[in-house]
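Shown below is the structure under consideration.
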């Protein structure tokens, strides 16, 4: 009754080795044919709980890769994206990173959706010395992973602090409250930041409530508690899919005049659709707005709306932007060599982006340097920009 | 504020009850723990959503569609998964595992069809009105959920005690072999039990989708575990028990939040569940007999 | 097939292989309980305990991995021993629900005891010292233990209990002790899997120890079947590497697994491995006949 499990492994190994040799031969042939194909790994969460964000990123990134090819900005170089699904799971995220780096021999990686996957997979990309652009995770510490890992987004803590300082300037708000999602490190870390910002601005924090998971949809108990404390301003730190319902339920719980503040995800299609009137006067900082008149952004929004029948949101914008910035880096690097790309990331100065007012940014401490807009949501679903 | 929280708790409890009742039916009658109830919950909600969004179907009709869809899907599950399984013996373990497999497949289909998106039922599907009486605020939909749960409760009672089908279900729940010997068409009864259970799931899915302004393919999963708790605490097979237990769960959640241990509200519920399992596994109203091995 | 190609392949798929191997360990944990007829779904909870213990001890106290992992197993056994008495009195659905809620409680604790586990942000910086061959060795040892147990009195007792509890009792088998044994072995193996997991993934978040992961572990075990300890291992290996060999269909992975699980449970109650073994046996027999007729 001997176990020949090794037989199964061997034959699978053989198939894969053959396949990779074949793929290697193919790519060699296409290089010889003239246009240099540069393989780009794109790991995203396409299944599982974070899929709603990952799928939007992928859609926008597909458009971005097409635009890069259409504008001919890379001349003879052709970017070939290889999409992989990390299933919203950490081990798979690490696995996918390794495969893109070692099996597919990508020149660079751009993508990633969820923060826990970033925290696990980015160090691996660093170890494997693959230049990587994180396109969506905004948890702390991602700028410190190493010289191969750069971020085309930045954490919202500073944005929130600025927002709080801004609204406190009028002295109108005396009391504040915080509602945040416990399970997500992004929000669990922002909660103390907002609390500290409130205190610093002289706003007394009268209630703090948590929502356990990203799947929760009923906040009536928490909001009733908060309503009992009568805060002037309420920081809502929840996933986009929960923020909309939270607005509605908050108004229903009695927080009729409270001002809501939050982060970029207030700016999603979901929130606007769901919250409707309940979003009146809500304030949030954002590095991006769909209506931004920048050329690059207009192209993106137009194509996205045409193809998917809905306006893009933060996740799509993050995805598009990361590819746009990647293309500029590759252009500076002049080719698909990893070391050249890494150096390009380090030395590239100003870059075009769809974020911000002037559409320009640069890397600071491996995070993009951005001045956020501040927006006020209107009851009819539009947003008004504050200065 | 206490009254408001009490109301919140009872509404939450009704929500759990609507879900758990569907669960409970199949468990009581056929001894099958159908985890796919969560997937059916979500699928039916999407049926209603897409009916309204793509075909401008009015809300009430969409709700009806969802209820029927839920019933049909569950019934199909019974026919292709549980019937052959039970024919081969079908231990509690194998039926639970089969239902997990079915749940995975259904969830995946729902995810594909909905594109993983989180949707909302169109504005004004149901009136937005809210009544305020002093410190307490009740919205139309909250009231609707309470009323629906009460109706379902009464309906279940009538079904189980006054109709032929109901009597057949109760006999099957007691002992399937005896039921068969008495000439009860157990296959047909099983099918109908699943249909009703799925229909209840569909009803719950749409109502909750409207109440919480959110329809997502994973929306049912949180309820599955709480549904387990409701069934155990309330007692397998007892309709009243499940409803009372669901209220208990809703109230305990709200209470946990009120006293500031909201982060641990799930732990509290499972703790209660555990105590019941150890001290009184038949739950509050379960039949006083040895739980089936 | 030369050595260079093999080692290259092993490097690329390193993480996938290690993950698949650790999933095999988890699957074996569930196997031991199922073998004795106990529908024990606590595996993921004990895995979390093993992982966090190993993680905390290595990041906070700088203890080497084997110490942390062993400590995790000890802690899990302690908790398991406390848990087992009330739980083993239950049967069928009740047992499943009880163990499931235990796992849910562990996850909730991990999420909220910030001081200990760093909550949702997760425990970062766990040294990635466990290599694939470590896990292979562990797996080999476990398989050997499983095999020996299967043939021993314990294994036969488990089979009897699994088939018919009352009959087993009537035959004089001390049902309680054997179920206890199975439960505790499951507990220890799950914690071991967790400890290994921690030192492979570097970051431990509560999110990774939830219902979804438990379902996958169950799927791994059952697809392979529990008639032999190889079943869960094979099931884990096949399912974990599925995205790789499913390629274009990867997005349908969950649908396929769900459908497969249903098909297996209904039509192949002994899992996928039985028909394979049957085939192998027949092949072996054919060869033997051929040899004999020469």
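Which chain is which? They are A, B and C, in the order written, and residues in each are numbered from 1.
In this text, a contact is a pair of C-beta atoms (placed from the backbone, for glycine too) under 8 Å apart; a residue touches a chain by one contact, two chains touch by 3 or more.
Bear in mind the structure is a predicted one, so any value in this text is a computation, not a measurement.
Engineer: For the chain pair with the highest number of C-beta contact pairs, give its two chain identifiers.
Structural biologist: Chain pair with the maximum contact count: B-C.
Engineer: Taking each chain's centre as the mean of its CA atoms, which one is farthest from the centre of chain C?
Structural biologist: In terms of C-alpha centroids, the chain at the greatest distance from chain C is A.
Engineer: For chain A and chain B, let me know how many angstrom lie between their CA-based centres, rounded off.
Structural biologist: Taking the average C-alpha coordinate of chain A and of chain B, the gap between them is 36 Å.
Engineer: With chain centres taken as the means of their Cα atoms, state the distance from chain B to chain C in Å.
Structural biologist: Computed from C-alpha means, the inter-chain centre distance equals 31 Å.
Engineer: Hunt down the residues of chain A that sit against at least two other chains at once, touch-wise.
Structural biologist: Touching at least two other chains: 47, 182, 212.
Engineer: For chain C, which residues are shared contacts with two or more other chains?
Structural biologist: If we look for residues of chain C contacting two or more partner chains, we find 108, 111-112, 251, 254.
Engineer: Counting only residues that touch at least 2 other chains, which ones in chain B make the list?
Structural biologist: 111, 221, 263, 266
Engineer: Show which residues of chain A lie in contact with chain B when the two form their complex.
Structural biologist: Listed in rising order, the residues are 47, 49, 51-52, 54-55, 182, 209-210, 212-213, 215-218, 220-222, 224-225, 227-228, 240-242, 244-245, 248-249, 252-254, 270, 273-274, 276.
Engineer: Quick check: in the complex, which residue numbers of chain B touch chain A?
Structural biologist: Residues in contact with chain A: 1, 4-5, 8-9, 11-12, 15, 111, 115-118, 120, 123, 130, 137, 139, 208, 212-214, 216, 218-219, 221-222, 253-254, 257-258, 262-263, 265-266.
Engineer: Please output the residues of chain A touching chain C within their complex, sorted ascending.
Structural biologist: Residues in contact with chain C: 3, 5, 8, 10, 12-14, 16-17, 20, 46-48, 85, 87, 89-92, 94-95, 98-99, 102-103, 116, 119-120, 123-124, 139, 182-185, 188-189, 212.
Engineer: Of all residues in chain C, which touch chain B in the complex?
Structural biologist: Those in contact with chain B are residues 34, 39, 86-87, 89-94, 96-98, 100-102, 104-105, 108-109, 111-112, 165, 211, 215, 218-219, 222, 251-252, 254-255, 257-262, 264-267, 269.
Engineer: Flag every residue of chain B that touches chain C in the complex, lowest number first.
Structural biologist: Going by the criterion above, the answer is residues 27, 31, 33, 81, 84-85, 88, 91-94, 96-98, 100-109, 111-112, 221, 225, 228-229, 232, 236, 263-264, 266-267, 270-271, 273-274, 277-278, 281, 291-293.
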